[in-house]
């Protein structure tokens, strides 16, 4: 833990603060959410790493997708992701968001989430234990340190393609593009 | 400039406006604005003038007098300026309304009669002007038809009861002392008995209490405010209702005299204590009833009642701070309630007459001027520091707390916190939240409607930061009434028991505001988003439905609704019904059968004989 | 002195407020047998929020939160922190009104966001405020009537001579009432109905992100500070501590130790609040109102009557 | 010197000349009443200054008063005759355009007779003459009520007739009893001798006379005919009945009480009766749907108010009562006249049918409104000045009872205000909002009504104008000795 | 008996008056009521005559010698009655003509049914 190194703080306070203050939006799409309560309560106590759940995406910087993603929930996931302020990180939790998991051949399950929104890290397993979340978070710290957790930047750069992918699966989207031409 | 000329201009201006309206509407608008602004100019030139003239002696040989002093000037300038603003506002608000000649005529007539009331130097002039004001107000309240008719009847009946009381009072003064000159009456009254003074105070208090809508007598007000045309609602709530305050000042501190009024009775059973408590009740109950209202103007109307309570408490408490606070609050109340009514009027204008709190929202993007008017208005109504409402309320609170009346102070403070709730609801439901699709394209409020709003907003802030401007005049009023003078500075009030310095509060807020505004600007720039890009748990935001307005304080309504009824209104309605049915049965004695009529004749003879035999009166 | 106070007291309040926020998280964690975040976690959160790119729903959305934060700072100037008090104009009444402005700014900002969750939260906030203001006003009126002044500084000074208000028999009931409503003033459980994250997505601040959230957190810290400081000033004698500072009277040390004593007292009061916070579930808004209008109001009312009668 | 007898002779003569004129030309007959009352008005106005200086006693046929019939032209008489001539003049102008159907020559004859009777009643100094003029007044009004010949008119007329003839029989009976005891019919002579006989034997004729006259004066239980008759008659006649007839009746009652019987102790009873009349009138009017009936009931209320004022038995009270009579004549006359055309244009007497009439007939509606304001007693109209005076008179007595009764009276005023304001609302603020074609009353009628309005405002603003005549009228009632002395010499 | 002879006219007159009043009060038929008015009128007239009448009196002609002024019948009531009779006739005529018109409108003369004008 380099939380107490003042030099690093002075160098880039924003990055450091982002690392140690993960406000998480848990997207409870499937069974993965069952692992979250133990991890934030007394047994594993995620708060000691600065991780706390928040209610709205506006206040969050970490998006945890816990479970399979159906076509229907994809719209909600995209919206929520777009509403999060930058910098923001996405972590897919469990097998299902990675490749569909046990629902890989279902007609309405999204098998690869990163076609629609950028995913900064995956925590594999069915289910991953709470410890895996912490390992995932420490990995994310490293990625942030190395500026490799740049999903939100990629989203901005490749927005046209992401939008095209989203429209391909969801049809006409009922919200305007996040980035207009000027914003890009 | 003599006072007669002023009144002649005021009254003839009204007629002139009506007549010019027959020629063309532009001419009429011009004349109306010219007259009202001219009156403002004339009255402001009369600042610090002290005159008294007998202008007419043809009414039963009574010398009718006009006089000008600081009290009269204070109210006069307020009356003419607020009316002038409302007239300017009306130019576009009333543009396409029927009978607009009539409307302007009545507005100016009411203006002139109010001016006469405050300038009256004798009670007969006072009464005549009071009555002219009453009936012309009735004619204008009824202007909007439908619901307004009931409101008008309610108003005029209560008003008549009030003026009849006053008539009895005035004539009893006249018969006892042979004069109605206010100054003379005050002199004559000094040696008369306590009972007589109390009688006068009570009978006049009924009149002024009805006009000022003190709690058991308030029932005409909500309907009347809600149903009148908005610019007139503004005048009605701003100045016309406050003629009651003027009346209270007149009867308590000019006619009966300060020293006497404050020593009538003992302890809780003294006149001013009871009046204070009525005022306290008037503050609390209407404020909470206002929370239940769904009609923007009705909500404001209930606040009009509630704020009237502050004035009464301040004036009736009878210290120099309190009286100054009460009088100042009258002016402040006028400023912000006029502003609020004009803002609501702007919404009505733009949305074709909508003022239902449940069907509007998000208008602050479309009507910024009206919104800032509304915001400053409610800030003044709450008494947020830096608005004028704060200063006057502060004066009242302070006098109550240091005058060892914590329960009254509690009522007053509680009223303020109730006010916060309901006026926030007002602002929120009209201006904030989601803008309905149908109001995306609304009529722009024209310049003539925006100018009064801007002027009033500016006034609120000006008097909030530099309360010394009006307080100087008020100080001379209370000194004339026999109170101790206050130590007034331009920025507030100095005293040993607590100084109010608005300027340093302003400086503090300004400095911190500037600092944090700077920080805010320096910090990372934020992206502006549409109202539909909003948190809805990932779902699409429903259009026109994503606004929480209906039953805004639902938990409180569930708790409070059984208790928050206007029981007085119900009581009066029941009395009215009872009188109606009694009247209906009384006329049944005219049966239509001649035999019974002849029987009445025989019975009359019999009763005459009976009376003679029993009491032998002849 | 006033000039110093002008610069120092906001800083003290801000630091202490953030410290209290961190402390409360830590203490709660410890009560729940957790390790808990570091005590400076709220600072990290604020920096994080500042670094994020927020969204805005228009100028007014920004205006409300700036108004809220700056008026909260102005409020600090009116509060005697130890012996420091920058402004006295208007006394406790002005103070009460300024206390209103912070939530009012947030309410304006939240409602401008056009989010019904915010609106519901604000409606709850105001209802809760109405509910606790009734006993609070009674309490403050009792104190003002008892000491016959409207100045906070004077109240503290009188206590320096005559002992703490909480120790005098006349003001013990109001003191108890204040303690009972303290969680409601601080927005802690069991009165955490306003920002109920589970039902209304943290209520008024549902649309706040980035710098808006940071401002809100700062404002919240100040609000906690003020709520407790008011109690300490009114009932626990502010900087006084049984004549401990009498030998130092007139020196700079008296001021510094005064502030330290003041902050210690505040910490003590915070602890009481936190114990309640940690073990109680949440009231519904009606239950909260009924509770607040029942016992605290009754107690403070009796207290006021006693004070009036013994006057 | 102009002879006051012309006041009676000219209209009476013209009334009989009218059928002959009718044979010559049918067109000019309607101008005859106008001329007659213009003459009367000018004559009365000329007489006022003289009368105020000294009372004029006209001895008819040169016989001296106890033996011959005399006219007593005092301030009261001249006040009333002016009022009658004024109202008669204005209403006859109004009638030029209003009376278009029916047997017109009969209308004009009866109209002349009615007002002749009224003038006679107020000017005569002889008891039996009073009865005769009274009968002229009554019979012509019976006939005029039935003038339209419709169901309502006939019914009201016959009811009025039955009650009226019972009343006149009682009056005659009373006069007979009085004559039987005193052997004289001259009012001054009776007044002179009245104290010489025992009180029970005065009391019996008095109650008969009061009852007989009271029927025409619409004192409370005797006024059942009034709403019917006033509402069924043509509006011009209603105006006269309301403005003149009942007030002349009341004049006769108080003349009898004050001058002849000197029964001022009896007035206490009249105070209560007045308040009762007022309350019953106003309450009955309150929920009326028929406008003319409402106005008729309102007249009852006003009569009660006048009774109250006069029964105060003070100089101020009596002059206030006369003032109220004047303002009532003007106000109620104006109301009936304006309502006449409102009814004419809408074809209904229902108040609900007047919705929106303010747009169609703005001037008439305005006149109605001013009349209503005056009747309710709002400044700056005449009704306010008179009400002011009445309350002042009541409070000047300094008795608690009168103060309490003033409260009751003002309550009646509030009720009156309520129903009048309801009508005003439905005239202006109900009904269609569309633009309607103007359909105003004829110019000649508007002129006559406007004169009413001008008088109402003028008297309301400058009541001192009539203060002197009111004062001397009141003294005439207070100082009955002067009355007796001036007649008997 | 002497009482009766002295007051017989008065008794008769008041008898007629009361009969007339009774008819007006009690009868529902308009014609009967009008008859009642007639009787009432007659009674009053009789009363007036009786006031001036002196039993075995003479006509009040002073120019004729030998007539005692104290024994003369008072001429004034007779003059009054003459007028009164004329008035009564007028009223009766008017009443009857009105009754005819009323019958045309209502088809009845029962006053209990002629109650359109009321309240």
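Letters are used for the chains, namely A, B, C, D and E, taken in the order the chains are written, and counting of residues starts over at 1 for each.
Just so we're on the same page, contacts are C-beta pairs under 8 Å (C-beta built on N, C-alpha and C of every residue); 3 or more make two chains touch, one makes a residue touch a chain.
These numbers come from a predicted model, not from an experiment.
> Leaving out chain C, what pieces does the complex fall into?
Chain C out, touching clusters collapse to one piece.
> Which chains contact both chain C and chain E?
B
> Select the chain whose centre, defined as the mean of its C-alpha atoms, is least distant from the mean of all protein C-alpha atoms.
Per-chain C-alpha centroids compared to the overall one single out B.
> Out of every possible chain pairing, which has the most C-beta contacts?
B-C
> Give the label of the chain whose average Cα location is farthest from that of chain A.
Chain E.
> Please flag the chain sitting at the greatest distance from chain B, going by CA centroids.
It is E whose centre lies farthest from that of chain B.
> Mind checking the centre-to-centre distance between chain A and chain C? Centres are C-alpha means, answer in whole Å.
So the centroids are 36 Å from each other.
> Find the geometric centre of each of chain A and chain D from their Cα atoms only, then give the gap between the two centres in Å, rounded to an integer.
97
> Quick check: how many Å separate the C-alpha centres of chain B and chain E?
The computed centroid separation for chain B versus chain E comes out at 68 Å.
> Using CA atom averages as chain centres, what separation in Å is found between chain C and chain D?
So the centre of chain C lies 79 Å away from the centre of chain D.
> Could you pull out the residues of chain C that touch at least 2 other chains?
50-55, 117, 201, 206-207, 210
> Which parts of chain A, given as residue numbers and ranges, touch two or more other chains?
Residue numbers touching two or more other chains: 56, 58, 83.
> Could you list which residues of chain E touch at least two other chains?
In chain E, 21, 24, 33, 114, 116-119 touch at least two other chains.
> Which pairs of chains touch each other in this structure?
A-B, A-C, B-C, B-D, B-E, D-E
> Could you please specify the touching residues of chain C with respect to chain A in the complex?
Going by the criterion above, the answer is residues 25, 29, 32-38, 41, 44-45, 47-55, 117, 197-198, 201-202, 205-210, 213.
> For chain E, which residues count as touching chain D in their complex?
Residues in contact with chain D: 17, 20-21, 24, 30, 33, 37, 40-41, 43-44, 47-48, 51, 74, 76-77, 80, 83-84, 87, 90-91, 94-95, 98-99, 101-102, 105-106, 114, 116-119.
> Touching chain E in the complex: which residues of chain B?
The contact residues of chain B facing chain E are 587-588, 590-595, 598-599, 602.
> Mind pulling up the chain C residues that touch chain B in the complex?
50-58, 60, 62, 66-67, 69-71, 73-74, 77, 86-91, 93-94, 96-98, 100-101, 104, 107-108, 111-117, 119-120, 122-124, 126-127, 129-130, 133-134, 137-138, 141-142, 144-145, 148-151, 201, 206-207, 210-212, 214-215, 284-286, 289-290, 304, 307-308, 311
> Within the complex, which stretch of chain B touches chain D?
Contact set of chain B toward chain D: 58-61, 98, 127-128, 131-132, 134-135, 138-139, 142-145, 148-149, 152-153, 156-157, 160-161, 164-165, 167-168, 171-172, 174-175, 579-580, 582-584, 586-587, 589-590, 594, 596-598, 600-601, 603-605, 608-609, 611-612, 617-618.
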